[in-house]
Amino acid sequence: MSLLEVADLRTYFFTPDGIVQAVDGVSFEVGAGESLGIVGESGAGKSVAVKSLMGLIRDPGRVVDGSIRFDGRELTDLSEAELRREIRGNEISIVFQDAMSALNPVFTVGSQIQEIIVENTDLHKTDARERAIELLEDVGIPDADQRIDEYPHQYSGGMQQRAMIAMALACNPRLIIADEPTTALDVTIQAGILELFEEIQEKHDTSIVYVTHDLGVVREVCDRVAVMYLGKVVEQAPYEELFRNPKHPYTQSLLNSVVTPDERLDELNPIGGTMPSAVMPPSGCRFRTRCPAAFDDCLAVDPPRYQVGTDHDAACLLYDDGIARPEPTLHETDDGGVNESNI
Amino acid sequence: MSTGKGTPTADVDAEFDEDGGLVRTLKKLRHSPTSLVGLFIIAALVIMAIFSAIDNFIFDRAIITWLHADPHAMDQSMRYEEPSREHPMGTDRYGRDVFTRLIYGSRTALTIGILAVGISFVGGVIIGSVSAFFGGYVDDLLMRSVEILYAIPGLVLAIIFMAIFGPSIYNLFIAYGIVGIPAYARVMRSEVLSLRDREYVEAAKLAGLPRRTILFREIVPNGIAPVIVQATLSMGGVIIGAAALSFLGFGVQPPTPDWGRMLSDGRTAMVVAWWVAVFPGIMIFLTVMGFNMLGDGLRDIMDPKMTVEPTTYDDWTLDEWQTEQQTEQPDDDIVPGSTGARTDGAGELRGGRS
Amino acid sequence: MQDNHNGSDLNRRRFVKSAAVVGGAGLFAGCIGADPDDEEATDDSDDGTDDTTGGGGVFTIATSDEVETFDPRQNQLAWYSSAAHYMFDSLLLQSPDGSEFEPHLAADHPEEIDETTYVVDIRDDVYFHDDWGQLTAEDVAYSINWVLDPDNDSPNQSNVAFIDEAEASDDFEVTLHLDFPSGLMERALSHMNAAPVVCKEAAEEMGDQEFGENPVGSGPFKLENHDPSASVEMVANEDYFLGAPALDGMEYRIIPETEVGYVELVQGSLHQSGVTEELLEDAEGNDDISTYQLSNLDFQGFILNCLEGPFTDVRAREAVHYLVDYDEVLDAAAGQLGGRNWGHMPQETVDAWDFPQEEWEDQYYPEQDHDRAIELFEEAGVGTDFEVDLIMTAGEANEGRSLVLQNEFEEIGVECAISEVSTGDWLEALNNADYDITTYGWGGNDDPDGYYYHMFRDLRNDDGGMSDDVVGHSSIGYLYEGTRDRGEEDILEDLERLDELVRQGQATVAQEDRREYYIEAADIVLGLYPLLGIYSAESVTGVHSSVNDYEPSEFGEQETFNYWQEASIDD
Amino acid sequence: MGLFRYTLRRFIQLVPVLFGIVTLTFIMMHALPGDPVRLWLGEEPGQELADELIAAHGFDRPMHEQYLDYLVNLVQGDLGQSFVYNRPVTDLIWERMEPTMVIMGLSYLIALPVAIGLGIYGAARHNRAGDHVSRLAGLAGISTPNFWLALMLIYLLAFNLDVLPASGYTSPFVDPVGAAPLLIMPVLTLATAQTALLMRMTRSSMIEEMREDYVETARAYGIPERKIMLRHSFRNALLPLVTIIGLQVSTLLGGSVIVEEIFAIPGLGRLFFDSVIDQDYSVAVGVTLFFSTLFLIGVVLTDIAYAYIDPRIKYD
């Protein structure tokens, strides 16, 4: 029984230039205490997907279809007020990519954490302040009782992110969504933050959804990985499995191009061509325009997710038994010794 | 007006952020009904103005006389005639047809607007860009001079100018042209400041292009968009300002039809002949409204973050801040030498935390 | 009460203030143009004379200019020339219809001892405001001599220039020693712009500056409060020698825009305000407002530049006179608020002096005839291939007449550009002869002298003279200079005679003699066509119906409280 | 305390700008055509009198001498003598200051809450009917010439409806009840465009702020929308707003010329206008200088206000 079950989530943006199908039929699950990594290039719809979970999609965007079950409750049925009171902050919280801008520049770090505590719990202001200091200490901010009264700009980038995490922990949520939390940081600080996430997970048994375009990061923190491409999850597997035995041509290309774990995919542009527009996505398989293994059927059939291994699925017609297909020869794994896996 | 790619609505916005040039910008206007209305009003105005300019200079008012009436023809027996079929907007104190004068007035209004704004624009762009590009003493000198102009209330400065040079349409737009320079200079300056260290500028420098060429070929064209928005928005202000000067007795030379003058001449007749002042008033209002609506739309479109407002004032204080501000980095006591997003530019303070 | 002296056009302009320094004065009867459309306003209570003191309310009047000094000896402001009559007294007082000069501070009319010596008896029951003591011959002599003293730079100096010295020959007797006999003496003695009587002790004690702020006079009202640029308040002088006025006070509100003042008049918060021509109809239709159309006593038209440019030849100037339809110009310039005049002076003066108006009209004011105009231009050698630079100062009247003239020029194929210039520019242009034609007006007097001496004399012959580089711009478009430059001997002879005539006109007492001089002068001037004279302006003043027993006149002298009427206000 | 030193420094920095303004206005005023004496004396000057007056006021001296004198006096707080009123310019300015300040202050008092309220309302209703209406109203407010508005108010409220007096001024410090009706129309005239501008400003910077990341953060942590707008976004939106509030001093002072002329208010705007017409050099220069100083003080105050709102700004 998973803590979070997302099924066929669709989030569209209704812009003057057309409907942007940012998230188009995404499903995944996160168990209690588990950490799921969602990876993909910019524009794949990762952030939109996780923001949809908390009902944070604003005009002109809307969750148009799908179900989000959290601890047995259907979140899409909840009203805005219910979401605000019962879910956001205290059940699910989120750590944003750019802590500098995610923190309000004109309030002290402490007052922002305090406000969240007061808003979501029964604690009063002074108690909330105590709690905030504790939290800041927990996330490794030295002299927390002093620095609580400083403003975000007085913190370094790493500390801002730590403060952000303290905020996320403020009400003991069961799920933390980390939306590219280390993207803006340099490597050394990034390592510290990732460690912190691990610590948290161990200490509080919190589930984490970790959104990133950095495969190296995924390796550090995630139990399982979902790969997204243009609004869809194309492959999903435990991270060991995925790294050793990627099935989807997209994942294969991604991994193929990674030189070091620190390289960022968006900078490398490992795959030829650019991602098509989400306004008018290609018919059939969305990846076909860039897929080296594409064949005729890809044009017509939107591939469902095929089970390709234990807890491993991939949305590619290559794995459809009913369709005649050429051999997936294009992919040469890093470690050829790994079994091609049983389908 | 930071050109940094903000990520307001996440990734999906990425494709809208791209700088698509003026044509693309204009195309986007179609999504803004108010801008379209503004554009329509201005287009109508321009057509009227072109027509009256051609008619006046080439045909000596023959066309309009043939079509309707001569805007200069006086007829004391037709003094303050009410609007009728013959005179759809009535006649004025001298029996002249208000309607045709109104049409001819578009020429004056537009001329004042365009020339005054043109002077401000060119002056502001040159001063602002030179100031920012060369920096140092040049910057200090130019910006202090601009501040001096800026510190004197616009209307006050315009009155002094008009008093010195005498009331005439030429002086009117020179006066407002000069009055407007500081605002443009500021906008341009902050744009150039943000552009001058860009890669392509560096490249041009390495290529050994003369500094003047780099400034006016590479930098200025890239930073001109907000100045254009500023121009559209201040067009209305100039037209109103010119009308105010007319009201105070520093106006356009008679018998040239001019809305401001018509309006202020007609004010004493309000009780007996409302039409003399009301129609030019409406025209001024519509014109200014048109420019403002268009300017509003342009601004929204050109700036993905919708950094707003009165470019007229721009970041005069904010620029100050930039130098005042202590950008000292707090020591990162966890991992030394960290680089985070810092608050170190005007763009930051303008709300662009990118 | 000409708060708007030359119509609404020029009310702010200083040059009009000086043009108006001689104020209104008249020798003829009849309250011209007075046109009370509401009879009730005036026939209510005829018996309310000096016994009804107090409770009469405060009479509030709109005016457009801030007063710069309350010292009437220094004043240059048109409206204050009238208002000063409330705070100060003069030896004589002009009747509302202008027909007579009543002894006022003087016990009787000046008594002629010889041609240049007059004795004036002063009343012995007049006291200055606020315990400044009794008004005596000392004060009168001091006041007149002060104005005469060139060191004091009084703008009134020229108006009493005929007096050599005033002498307090007794406690209540002043002897006037004249330089030359003048037909203008009684007028001068009745005017604030000439011989207002101030308290000598106060003036000397305070000094000019302070006296200008705290004036001490003997009039029916005294200054109570002055809010700069806002209002001047006066309260009734209970100890006035003619008894206390019925009004509690007078208040002048300074309102720059005439139409705003009119709105207040309609609202009843003002009792008197100027009415623009456009508002006249509305005012006449309003039961609460009585309108009075008063002559401005002025002369309006154009000056042609006789020094250089296309109009140096007399035929070219005459041609301009053929160009226009005078009535059309009048219409465009003044609408209903003006009347044609002939001879470069107000029609009232022409009528009162019985000048040969018809002859002038026939001879010098031709019917519009473009062909003849073109012919004359040809004869003058300029043809129609020239451009005319017409300058004007702001104002509807100037604009209207300029537009008509421009249209006429264009009809005969002559380019005519109008430039509206600031007053400073205008004076500069006049000084430098930098114009071809300019709008022109001169006003404020009903005596021919006010026009002929001021406009037509040769400034070079003035006492002290003008320095060589200043040609003086109020002369007739450089007619003297131009004629001298071009060496046109025959015209010069006429001009010398003209100068002589206007000077004689001023220094002569007998009106028949003066009349002859002016007729001869007019013939010379008109025949040289330096001015295109069109009309005299009128202005309308509206009075609220809550005012009783009050009728404004051109000669606004203590109008609300004088020998002829005593105003009061209904609550 | 840093703030004090900072303020002091900002004021000292104003000195060169003020010096520039003095120089500029001095030159401009002396460049006016004609000379004030001739204007004063009118068309028929006695030359002696003119010469005397010119000499008395030093108008015949070389301009640089007049200028130096002016500067020396200025340093001593002496703005010179009015040619027309024959009084010290400083006296005139003090005398006329109150109405201008009162009207300007009141128009701020009205404009600020209305503009901020409407601006926030527009932002909250972004792109919905309420927003469009308030936005168009804002545009209309900016597009209406203020002198025209003033005259229309007079015709409507004073002439037709007779509910307000058309003109005049009474000090509200002396007679608040009597002053109130007199102040309504002038304040309304000045405040309309100001309100519209501030409203637009508030609206757009609120919209902008509402798109900022910290808003999303607040939302993600269950902070109610109201609180996000009024506390989080508004506090940030205040920054550009404060700038405009400071800069509007300039617009309002310009507007005072027109408002005071129409409503017959004895303030600085009218003093300035009359002095230009009369070429009363020292008054015109003095008032311009005073206006500019007010404006610059406004800017400095704005800067200081920033400190309270934006903690990112530091002083040394």
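Which chain is which? They are A, B, C and D, in the order written, and residues in each are numbered from 1.
We adopt the following convention: contacts are C-beta pairs under 8 Å (C-beta built on N, C-alpha and C of every residue); 3 or more make two chains touch, one makes a residue touch a chain.
Nothing here was measured: the structure is a model prediction, and the numbers come from that model.
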Quiz item: What is the identifier of the chain with the smallest separation between its Cα mean and the overall Cα mean?
Solution: D
Quiz item: Considering B-D alongside C-D, which chain pair is linked by more C-beta pairs in contact?
Solution: B-D
Quiz prompt | Separation of chain C from chain D, taking each centre as the mean of its C-alpha atoms, in whole Å | solution = 40
Practice problem: Please compute the C-alpha centroid of chain B, do the same for chain D, then give the distance between them in whole Å. | Solution: 21
Quiz item: Which whole number of Å gives the spacing of the CA centres of chain B and chain C?
Solution: 48
Quiz item: What whole-number Å value describes the gap between the mean CA coordinates of chain A and chain C?
Solution: 91
Exercise. Any chance you could list the residues of chain C touching two or more other chains?
Key: 259, 422, 424-425
Practice problem: Identify all positions of chain D at which a residue touches two or more other chains, and write them in rising order. | Solution: 32-33, 151, 155, 159, 212-213, 236, 261, 277, 279, 310, 312
Quiz item: By residue number and range, which residues of chain B touch two or more other chains?
Solution: 9, 163, 166, 267, 270-271, 343, 353
Exercise. Provide the residue numbers of chain B that touch chain D in the complex, in ascending order.
Key: 6-9, 34, 144-145, 147-156, 159-161, 163-164, 166, 236, 240, 243-244, 247-248, 263-264, 267, 270-271, 281, 284-285, 288-289, 292-293, 296, 305-310, 313, 315-318, 320-321, 324-326, 328, 343, 348-351, 353
Self-check item: Complex interface listing, chain A residues touching chain D
Solution: 51, 54, 56, 59, 84-85, 87-90, 93-94, 96, 98, 101-108, 115-116, 119-120, 151, 153, 164, 167, 170
Quiz prompt | Touch list for chain C against partner chain B, complex | solution = 8, 258-259, 276, 278-279, 281-282, 328, 331-332, 335, 394, 396, 399-400, 402-404, 406-407, 418-422, 424-425
Exercise. Going by the contact rule at the top, pick out the chain C residues touching chain D in the complex.
Key: 12-19, 66, 68-69, 76, 150, 153, 155, 157-158, 209, 212, 227-231, 253-257, 259-261, 263-264, 266-267, 269, 422-425, 427-428, 430-431, 454, 464, 466-467, 470, 472-474
Practice problem: Would you tell me which residues of chain D are touching chain B in their complex? | Solution: 6, 16-17, 20-21, 24-25, 28-29, 31-33, 132, 135-136, 139-140, 142-148, 151, 155, 159, 197, 200-201, 204-205, 207-209, 211-213, 236, 239-240, 243-244, 246-247, 250-251, 253-255, 257-258, 261, 272-273, 276-277, 279, 284, 288, 291-292, 295-296, 299, 302-303, 306, 310, 312-316
